[in-house]
Each structure stands twice: as structure tokens, then as C-alpha cells.
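The structure under discussion appears below in the form of C-alpha cells.
In order of appearance the chains are A, B, C, D and E, and numbering begins at 1 in each one.
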Amino acid sequence: MNASPTSARALPFDETRRRGGPLSALLSSDRPRSKVLSALLLAILLLLAATPFLFSGSQPVGTAAKICVFIVLVASYDLLLGYSGIVSFAHTMFFGIGGYGIAIALERLGPTWGSAAIGLIAALALSALLAIAIGLLSLRVRAIFFSMITLAVASAAAVLASQLSDVTGGEDGLSFQLPQALRPAFRLLSEPVFGTAVNGRLLAYYLVFFVSLVIFLVLLRIVNSPFGRVLQAIRENEFRAEALGYRVVAYRTAASVISALAATIAGALMALWLRYNGPDTTLSFSIMIDILLMVVIGGMGTMYGAVIGAALFVLAQSYLQVLMGAGSAALAGLPLLPNLIHPDRWLLWLGALFIISVYAFPGGIVGRLRQAKQ
Amino acid sequence: MPEPLLLLSDVHTHIGPYHILHGVDFSVPTGELTMLLGRNGAGKTTTLRTIMGLWQASSGRIRFDGRDITASATPDIAHAGIAYVPESMGIFTDLTVRENIVLAARSGPLDKTRLDWILGLFPALKRFWNLPAGNLSGGQKQMLAIARAIAEPRRLLLIDEPTKGLAPVMVRSMIEAFKALKASGETILLVEQNFYAASALGDNVVVMDDGRIVHAGAMSDLVADTALQQRLLGLSLDAHQ
Amino acid sequence: QDIKIALIAGKTGPLEAYAKQTEAGFMMGLEYLTKGTMAVDGRKINVIVKDDQLKADLAKTLLEQAYNDDNVDLAIGTTSSAAALAMLPVAEENGKVLIVEPAVADAITGEKWNRFIFRTARNSTQDAYGAAAAVPASGEVSIATLAQDYAFGKDGVAALKNALAEIRPNAKVVFEEYAPQNATDFTASAQRIFDALKDKPGKKIINIIWAGQHPLPKIADLKPERFGIEIAPGGNILPAMQIYKNYPGMEGAVYYYYAFPKNAMNDWLVAEHQKRYNAPPDFFTAGGFAAASAAVTAIQKAGGTDTEKLITAMEGMTFETPKGPMTFRKEDHQALQEMYHFKVKANGKDANDLLDLVATIPADKMPIPVRNKR
Amino acid sequence: MILSTAKTPALETRGLTIRFGGHVAVNDVSCRFTPGTLTAIVGPNGAGKTTYFNLISGQLRATSGQVVVEGEDVTSLPASARAKRGLGRAFQLTNLFPQLTALENVRLAVQSRAEAGWSLFRVWNARRDLIEKAESILERVRLADKRHIAPKALSHGDQRKLEVALLIAMEPKVFMFDEPTAGMSVDEVPTVLELIHDIKQRGDATVLLVEHKMDVVRSLSDRIIVLHNGTLVADGEPAEVIASPVVQEAYLGVEVARA
Amino acid sequence: MSDLTTDAAAPAELPRAKSDWLPLLLIPALALLALPFVGSPSTWVTLTVAGLAMGMMIFLMASGLTLVFGLMDIINFGHGVFISLGAYATLLVLGPLAGWATADSVGLNLALLLLCILAAMAVTGVAGAVFERVIVRPVYGSHLKQILVTMGGLIVTEQLIHAIWGASPIPIPLPQSLRGAFVLGDIVMERYRVVAVVIGLAVFIGMQLLLNRTRIGLLIRAGVENPEMVEALGYRIRRLFVSVFIAGSALAGLGGVMWAFYRQTLTAGMGMEVMVLVFIVIIIGGLGSVGGCFVGSILVALVANYVGFIEPKLALISNILVMALVLIWRPQGLFPVARR
């Protein structure tokens, strides 16, 4: 499957440049390489860091947490898709495993940190095993077959989650309690800071935020390591990579495992934040499509694209309906138009957005910004 | 003097932001074999692709058989009677040898005598008639590419480096084939690195460098003038073949 | 100050049609009960409608938002049982009332229940009792079930068996067939059921417990009457029941059918609905109406929207609905209500003229067990 | 064997055979290749030369027979493992990473040689040594000024040079060149020939060269083997082999003996 | 397009291609294998006939996709919505001609079905042309973008169906004489399935002829690998691609009609629901092989029926099981196109 950017003389990176400095090290010397992009990324980082203090109400924080989780999820998928050229539809399976790991452990073993750790570790182990199995078994076949196989695997995973309803809660999913320190009732400080109560919810948010940040930086480092460059080479021409001495199946499997582990962590964070996990939340095919779209809108094979894509998309998803409601109300009285932008038709516009964004940003937003700079 | 079959005047070609051809002027007289020579990166392939409409000339004129084909679409150019063998051979690797040739015969079933002649030139193709073309050896693919171009008579053949990868005996075969084609009235524009083959075949020669024509004339003149060869092609004849 | 009510429904996605009915019924209910003023005790009612897209996590977030950001007094929702289950803890955390409509999962008023939860919708057990009540009360009856192979189907069969044991001891479930959730070809299942039933004595019935695309015509086309086997389909929304038309004489139980209840409220609903939407009201229109009635009656009875007062008022409260009176029983806040035993008409006047009433099954004939741990 | 029979062969094939359905493309070829020698492999088109390379470097699995590298049987190893054992290979039909720059293409080969592929947490460009080495190789094939151009946009001849650069960067023990100069213009050919000559000069490398240009073969090779219909039909001193009837007839076509 | 049987004109000693019949044997082998497990022969016949017919319906729905996907290398995730669209298009006919469905005349009933099919193919054909032009054309060659863009098209079209026909499921009547079943002793055969078999076979044979007797199939496969070269040979590959896409969409429409009458209820999501099955069938068949798709469809449907009868627990995964087994046997599918 062809998943690579297309411009012939594209310079994905400048080999000759070398920069020092802690920031460069943190970003694995893969700088945004565009002023606008840097500004955007910085803005997103600051906003996410300060959301609980900037906005009131539960929706903004919820949206911010979701953005954090999806940044990790999408970045992990970018490692697979953008860097390794592997098109897998089973990524949500790992997301789901993370979610269920936390959900099942906290429900069964009680709301303690210990059970959360057990759940996460078990989930990571299961994900790694599955990723290795899928990788070794099927990364040898043609790319398009691999994609279809993962499609089947993903649907099998969904069936399994539904069948094992005693453990997973079936279609209904699982609601559970968090450890004491993360509950809304828990107060770290008795006084609010900048009008925001420093409670367990806030702690939970920052847990999600910092873990996401760290995982993102780790992924950024991995794609900029010699290992990451091998993945790109394999994406370009696996036959040649093998001839150069790179064991293609091993590298691809490794990429799948890393990506699966990161997705698992994202799933765990999602469950922790929502205090709920169910098939629609982490396993559904529509989430898979959302991820694909975020990667592509953001810019495949750029990592930063994950940040931009996830932020934009989650925002659109959360506020498109609200926006359309307002628009529809404003246009009330006109023929047809209010109907088309009725909030219940939001999917229509999301679909149109799908199509338009693929055309408007062939290299993703990051690609577009970097191009503009040249 | 009749108009040449193919005439390029001041053709410029850009690929993306890069200016590759800087005003190419030359003509291919009807019924003759014209060699297009030049170093690597001189722009020979780009010239052929521009003629074929695979890249659009950004300015200049290309006339074929009295018609302006500068802006024509590739299929129309093919229909006008030009066959093309690309540098990368353009073999359909999933299709069998037979299917590759069948597709090239646009006007219907293959002519039996012509097919016999072609398979006589390249016996390997006969052997692997129903094998996917992707499994052929490098040289066999080259043969198939030529066979495809000559499956039916055409007015003009554009051929990009046909002898690369061919064993000496096949090079000879190929030369014979081009001679026969010429004899049957076809016009050929050939890009070649193999100066031996080029000199054995060419009526005319055009030499390119850096996207421009630097020499055009009769082949015999160039063969006779080793100094010119040295200057144009960086070649001393005795060292190679 | 306005009374704020949130109505959460799966307005977009596969069950869009259900949610539309709920919303229409709810609004019509308010209109009827407030005599068009949209005010109770001089306080204007402000309804905030939210679309959870059938996603449990979104439903949960939206309910949090409704309680926290919009400050609603109580909330109604939602279409999917999974989403409803995820919403339950939110009501408890925020200490506000949630009226569940139309989700049917038993667990909502069972093990997952908390004291802020009330349900106007029927639960699966009620459906089962209804189905059981439609079985002849005397003579030997052999029943085979056909259900979807996941929690919903299995629970349905279990509930039916309980209900039969309770009120129809003469009937036995002799065979349980489970087919994949999205099965489309029922030849194999039908053959297995025929094999199991054909040599049984007495009346032979296939009871179908199915959500979504109904297998009825597929089974009926295989001519179970060859073996003297009858089919008992469950009730469903009108468009789904239109295929029953081809199989007159079938009997079963239904939650609501517009022509069955005889009361002023229903008469108004049928007439108005026909006028406004050019179709009779359906399943969830009645459900939405009932939810509106529960809310309005409760606010009137409690004399305001204070949660504790509301709960006190609602426990044991009887309220009028298009289906006749319903009562929230004290123990688990489930609304007890009538069901209808129907027979498919031979030749109806139009597409929606489908069923004849055999008998109304009064609430007290269905001893629904209490399953929550209070 | 003519030269240095005493040394252990760097590479040996024993009864190497592959059949595709009924067609035997390489038929029972046994041959030893000693360090410090350059062996030219000639034969008509479709003789099995490329297939022989494919079998050695692991792109194809042999139907029977063994490939032995420095006494170790590598027949069951995948291509990547054979590359690690020192079997390096350039392709007849250019086979590169089309969208990575020329420099990155070479750097990947250098990196493979340096066994750096599995380092996950180091930033790649912290390895200046690898980059510098890649640049020096580009220098040697005279592509330094095109280091930032992707193969996609290189002319055919330049792609051939890059192909050679990758092989050199792998620093294998056994170099396998498959028509390295095909389609290369006459003024560029000497560059590549010089490179091959240098490799040979080093003395410890084993070079296998498939080439149709007889003058090249004659000037470079210590030994020529001839494949015909998959079978090894001649093996010996260049002059001797070229003069043999089978080569004259089947390969050169007798009249062309003037080459 | 002109005749492709050039072997007639070619020298006699040219080798001929071998045909591969082995996968075809799978079907009878499977049926025979199932017999002892099913036990009762009458049940076995019922299951087998029903399975064959279901296979035909799956084939009808999948054939368009295999055409587009296999030949043009385009993953059309929107294929499912063409199935739905075709199904809804029947309403254009069923509305005005409702009487024909209840009429007690086999002729009128079948004519109605035919008209529905024509209407559906016309509607989906046009929709396919629009889809190709607006959505797919700019993303030839990039599978990933195709997936995204066609997914977008799918959502938009599905929403438009909602907007036009409403969100509620719409029941449609199966014409009178196609209801019920033929009963022969203990064997039952639904009438409608017999119709499906006839139409499925007709489409299959038609496609085989078109692809094997003309050079269209070759051209498209060649065009996918190297469109420039096909143009240089003088063919207008674009036009061909559009036609294939239209044909693929129209076939989806046909499949949609058959599926609609089988389900007797229309929902906008009905096409999407079968897509995983359709993909599985195409993979089993070997991406792009019409014959493979045909055999694959029947295999999947038969296995589902047998397994559903013998061990219903396994029915959930029977499709995936079949796929896994086939891929273990032939990793490229039953009839890999590249090796044809």
C-alpha cells in the first residue's frame, strides 16, 4: 500500500544540520521547521497545560483530556502508518485493550493504584503479545492483505469483547471508580487556585496531560532514531532494505509493538479519564476512521501532525454540532439551508470535511505549513 | 525538401520547478534513423517524454507529420503513429508476455507473419510466451519492450536505450531489426549510449548536453571525426568496442 | 427561574429514528401537560436537547455538562442502554435525578442502579413477562427461542424462562438457538429449531428476541406451519412491524401500539401526531411522552426542583401516560406499566393498521422481580 | 581454479539449482570464489546470471544446493542475514529508496554496516561518523553535488551510480555487481570501473561482476565463468574463455569477434 | 473491444496458459464433507441450496468492488453506500408501481424486479460517475487517501439518503410470487433465492465473458501498473477507469436491490453492514479475480450455513476462519490476479 508523500525532491529533513541545546534534545532535533507551526504547537501545549484554569465548566477540560489522549493515539498510529507505511485497522484493538485493562482491574480489584498498575501491565503485555503475533504472522503478506486481515482481526476483537460480557460488560461496557486521589471529592488544597478547585479531577487531568506529553516525546525520539530511519526506508522499498541487511519483518514487528504499546497507554488514559470503558469508546471502527483522518489532516510521517490533527479534530467533533445549532438557528426561516446545517446533519459536514481536508492538505497541515516556509 | 516527419523547435520543458530542456531544436527526417546521443543527465529521456506528451513542453513547438502535437494528449500522439519504448521499459509485469504484446497491437488480432518475424528476432519471448513478464530477465524485458513497440507498423519509433543490458549477440540482432524496420519505411529516433551500435545504425546524429542540442549532422561525419567525438561525448572510440 | 431539563438521545447514528421519536414524544408530552404554556407552576420549562451519537463516553460527558455547565434540574435519557448505564454514576456524583428513557437494560434499575435513577421505559424483564403473558395459560406449550448471541439475547432468554416459570408454568423453553448478532441467513437456525420442535407435543412456538433487522420473514418463509409451529415475534417500531402484515394471525406482546390504549391522553397524541407528522405515534413517541409526564408530575408534586424533594415525590408516584397510568415503584424506581397482547391483522386499511388487541396485560399480572441492592 | 587455490573461498556455491515450474533457471552450479579475485560472469540474456546472484544473496530460495560463506552454510538464511554475513549486492534494474535523498540512501547502507539500526533512543544525526562516511562515498561516485536529490529525480545514469554507492557503503566481503555500467554514458563508465578496480586492489575483497561489455570484462577480470541456459559451461582465464567456441557463438555471435 | 483470442493467429507451438481448476473443487468437496456432519440429507440439501443462493447474493454485492478494487487498485470504502443507494432506488419504482408487487402474476412480479434493478443500476451508475469524478480521481495511486476520501463520500451519501428518504427503516414488499418457498418433501427452497441464483449466474458469466474475451481486463490491469505506458500505447485509460468505476457502482446497485428484497427493509446502513463480509470474500477470491470472488462468496455462505447448523457457536467466526484457511493454503487468495 502506498502511503508515502509524493513530492520528488522533497527534503523530509536536512541531514547536514546539527543543533545542540536541551530543546533540540527534547525534540530529538526534529524541530517543527516552520514559524507558524512552532507557534501553533506552543499554543496547543500552553492551552492544554492551562485549560483547567482558563476555562470553567466540565466540557473544556473533558475536551482537553480527550485531545491529550488522541495525540498519543494518533502519534502512535503515525509511527505505523506515516513512518513504516503499514496500514492497520486493528489499532483501536490496542486502544481497547488499554481501556479494558484499567476498567476490568479497577472494577474487579477495587479502586486502588495497585489495581490500576496491574491492569495496565497486563494490558501492555497482552498488546505486545498480540502485536508480535499479528506482525510475525501477517507482515509478510502483501500490504493490502495485511490491511484487510487487520480489519478482520479488529472486528473479531469487537465480537470477543461483546461475547465475554461477564468480564468486559459486553455492549454495556464498564463503569468504575478511580483511586481516591483522582475522585472529584478528593481535595488536594482546600482553597481554589485561580478560581479552580484543586481536586481529584484536576489531578486526573494532569496525570493524563503529563503522561501524554512524555509518551509523545518518546515517540518523537523513536522516529528520529536510526531505527526510525530504517522504518522509513522499509516503507520506501522493503525489498531493498532487506538486501541492505535490515530484517524487514523484525523491524516492522518492532514498530507494531511500540505503536501498540503506546496505543494501549492511550486507552488506559482514556478509561481513567472517563471512568468508563466500552466497545464504542475504544474499539469501534469509527474511532479507527477518526484516527486515520487525524493523521492525514495533521500530516503523515511528521509526528507533529498528530498534535495538530488530534487537536483540530476533537475540537471539531465537540463543537461542530454546537456551531451548527447556532448557525441553523440564525438562518431559521430561510428555505432548506437551516435543514442542511441542522445539528443532526453534522455527520454530513464531517464527511465533507473528510474529503476536503484530504484535498486541501495533501501533505497534511504540517506539510502545508512547512512548504509555505520554503 | 519535404518537411521532416518530426520537428522540434525551441522546446522548453519544466519538471516541477526545474527547467530541464532549454530550447531543443532538431528534426527527424522521414524514413531515416536518427540517433540522439549525450551524457547522463543531458536530457535525452526528457526530450522523448516531451515528444510523447508524457511531459508538457512549457514553450516551443513539436510537429509530427505536419501536425502540431505540442499540446496533444499522449493517446492521441500514439494514435498519430508514434510508438515509444521508455528507458525503464514500461513492461506490465503482471501481464504475460503474450498479453503485453496483444495490448500493443491496438488495431486487433496480431498479424501472424509479423509476429513470427518478431519472435524470430527474440526467440526468448516465444519460450516465455505465457509467463508473467515480470519474471523475465533484464535483457528479455528489453526485448519485450522493443517487440511491443514494433508489434504493429508505426510511422515513428522513439526508443530509449534499447541495447542496455543486452548480450553482444542480441545487440547485433537488434541492429538487424532496426535496419529491417528502416527498410520497411519506418522512421526511428534512437537514444543510445552504445556508440558502436549507434555508429552502425544511424543516418543522422543529434547530440545533447545540459538540455540543449550541441551538435546535429550526418552520422558518417561524426564517425570520421574523433576529435568531435571526444569533445561531444567524452569518448575515445578505440577504448570502447 | 426556569426549569431546565436536559434530554439526551442518540440522535445521530443507527438509531436516529428512535431518538427522533423520543424527542417528538417528549416535546408533545410537555405541550399536552402544560396545556401549551410550557410552564409548570409559573416556571418556564427550558429543554436542552443533546445528541450522544449512541456513544457511552459522550453520553456521560454530556450529562456531566448538563448537570454542571447547564445546571439542569433533571435529565432524561438515553437511547442506548450502554450509554444509559455509563450515565448512571454521573447522576449519583452530581446528586441530580435522571429519568431513563428508552434504554431497556435490566441492570439500569438492577445492579447498577442508584437512588437518583428512575425509569419510565420498560425493562427487558417486563418485555419478557409480556411475551410470557401472550402464551396460552393452559395446555402443553413447547417454546424454542431464537436470540442474538450476546448479552442482550442471552439475558432476554433467561428473563423469558423466569417469566414463564412465574406466570405460565405450562410452557417450557425446550430449545435455545443463538445466532450471530448481525446474522442475515437464518436457514441453519431455522432448521435446527424445526428439528428440535417438530416432534414435541402440544402447541409449538418460536419466540424471537431480536434487536435490529428482524429474522421473522426469513423464518416464516421456510414454512414452519408444515410442522405446526407458530412464530411469536416481539413488538417493535411500526416500520419494522410492517413486515408482520404478510403473516396474519401471529401473536405476541408489545409495549405500545397506537390503537390499543384507550385514554384521553393517547387520543390526543394519536390525533395530534397524525396531524403533525402524518403518521401515528410509535413506540418511543409514547416513551418520550411518558418521560415528560413523569417529570412534570414530579415537579408539581414536589413543588419545585429540589432533588431530594423530587425523589421523595417520585418514589411510589403514579402518573398518567398515553399507555395509561404508570407507577415508579419504591424499591427500584422502575415504572410498572401495562403491556399488550396482540394478534397480527389479516387485512389492515393502511400500512400502519397492523395489530388487533387480544388482551391488555395489566401491570399487576407481571410480577417483575426487584433486583437492585438497596 | 587459477589463482590462490590455497585460500579458503569467501563464497562457494554447491550444486545450486532453481526451477520455476518446468524451467531450470540455474542448474547445478558449483563454484568457489576466492578473496582478491574478480570473477566476471557472462552469458546470453536469460542465462541465469541475475538469478544466480539472487540465489546467493537470498532474494530467491534455491530448489537445491548450498550457498557457503567462509565455510558457513547460509542457504537457509534470509537476505538480510546474508547481507550481515558479508554478501553485498547491487541490482541490475535500479532498486533504490525513491523518495529519500541520495545521501539518505547511502547513509542507510552505512548504518546497516555499522549495526546501528536497532538503536531506538539515540537521535540519528548524532551519528556524525555515519553521515560523513556516506558523504565520502557519494564523493567517490561523483554524486556529491546531487546528495539532496531523491533517486526519483535522478537521470538513469546517476541512479546506476547511486546503486553502486550503496554496495560500496555496505563494505561487504563479496561484491556482486549486476551490469553496473548499463545505460551509463561513456564518460561516466571509467569512474565506476576505477571504483571496482580499487576494491579489487585492496586484495581481501571478492568481486563478482556481470557485464555485457566485453572490453570491461577483459580489462578487469581475473577469471571468467560462463552461464548458458542456467548451466556453468566454462570457467577459466579471460582470454581463454573469450576465445572458447561457446562464448564466440552463443554469446558474442561469431562475427562480432572483433569486439 | 476487439477479440482477444490471438492465440488463434499466433504460431501453433507457442505455449498455452494453464488453467487452475483446483479452487473450484473446493465447493463440492466442502458440501460432501458437510453431509455426514449434518446427518439428514433433506436438511443438507436445504442448507446447501440456501447457501449457494446466499453466495450468489454476496457475489452480486461484492463483484463491483472486486472489479474496481482488483482491476483499478482502488479501495472504495464507499461501495457499501452504493449498495444502500441501489436498495433505496427501488423506491422510485415501487412507489408508482406498487400494484405490480401484489399482482397475482409472475410476469408482472418479475418485471417489477427487473425495473427495480434497472432503476437502481442507473442511479448508482450515475452516482458512481460523480463519485469517481469528484472524490476518487485525485487520489488514484494512494490507497490511504482512497480509504479516507471514499469514507467521507460514504458518510455524505448516507446522510443524503437520510435527508431524502428519512432516517426510519422503510419496509418494502417482496413481489407476491417470490415469497414463500418450494417444498419438496422435507426440502425447502425459498423462491427468492432461486431468482438470486439465476441473476447471480447471469452476471458472473457476463463478467467473465467481458473480461476474458475482450482486452478490457488486460488494459485496466496494465493501466494500474503503469498508466503512462498504456497511454503511450494509445489507449485512453482515464475513460476506461471511469467506465469501470461506473460499472462497479452499478453492480453494487444491483446487489443492493437483491439484498433489499431479501431483507425486505431498507436502512441507510444496510450496505455498510455487509462490507466486512464483502471484503473477506474479495480477499479469499484473490483481489480482483471475478472467478475468485464468485467461488469465495459461495464458500463463505456455504460454510456459514453448515457451521450454523452443526456448531452455531462457531458461526460468529466462520467467515474469518474460512479466510484464514484459504490464505494459509494460498496466501494471495484463490485466484491471484497477478498469476492469471
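Note that contacts are C-beta pairs under 8 Å (C-beta built on N, C-alpha and C of every residue); 3 or more make two chains touch, one makes a residue touch a chain.
Computed from a prediction, not measured in an experiment: that's the story for all the values here.
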What chains do chain A and chain C have as common neighbours? E
If you average the CA coordinates per chain, which chain's centre is most distant from that of chain D? C
Taking each chain's centre as the mean of its CA atoms, which one is most distant from chain B? C
List the centre-to-centre spacing of chain C and chain D in whole Å, with centres computed as mean CA coordinates. 75
Between chain E and chain D, distance of the C-alpha-averaged centres to the nearest whole Å: 48
Approximate Å spacing (C-alpha centroids) for the pair chain B, chain D: 29
Go ahead and note the Å separation of the Cα centroids belonging to chain A and chain D. 44
Among all residues of chain A, which ones touch two or more of the remaining chains? 6, 8-9, 159, 163, 347
Where chain D touches two or more other chains simultaneously, the residues are 153
Residue numbers in chain C touching 2 or more other chains? 16, 149
Per the contact definition, I'd like the list of chain E residues that touch chain A in the complex. 75, 135, 138-139, 141-145, 147-149, 151-156, 158-160, 162-163, 276, 279-280, 282-283, 287, 316-317, 319-320, 323, 327, 331-332
Footprint of chain B on chain E - complex, ascending: 2-11, 13-18, 215, 218-219, 221-222, 225-226, 228-237, 337-339
Interface residues, chain A side, partner chain C - complex: 57-59, 62, 159, 162-163, 165, 170-173, 175, 184, 270, 274-276, 278-281, 321, 343-344, 346-347
Contacting residues of chain A [partner chain E, same complex]: 1-3, 6, 81, 87, 141-142, 144-145, 147-149, 151-152, 155-156, 159, 163, 289, 292-293, 296, 300, 339-340, 345, 347-348, 350-355, 358-359
Touching chain A in the complex: which residues of chain D? 57, 59, 78-81, 83-84, 89, 91, 95-101, 103-104, 107-109, 111-113, 116-128, 131, 148-150, 152-153, 166, 170
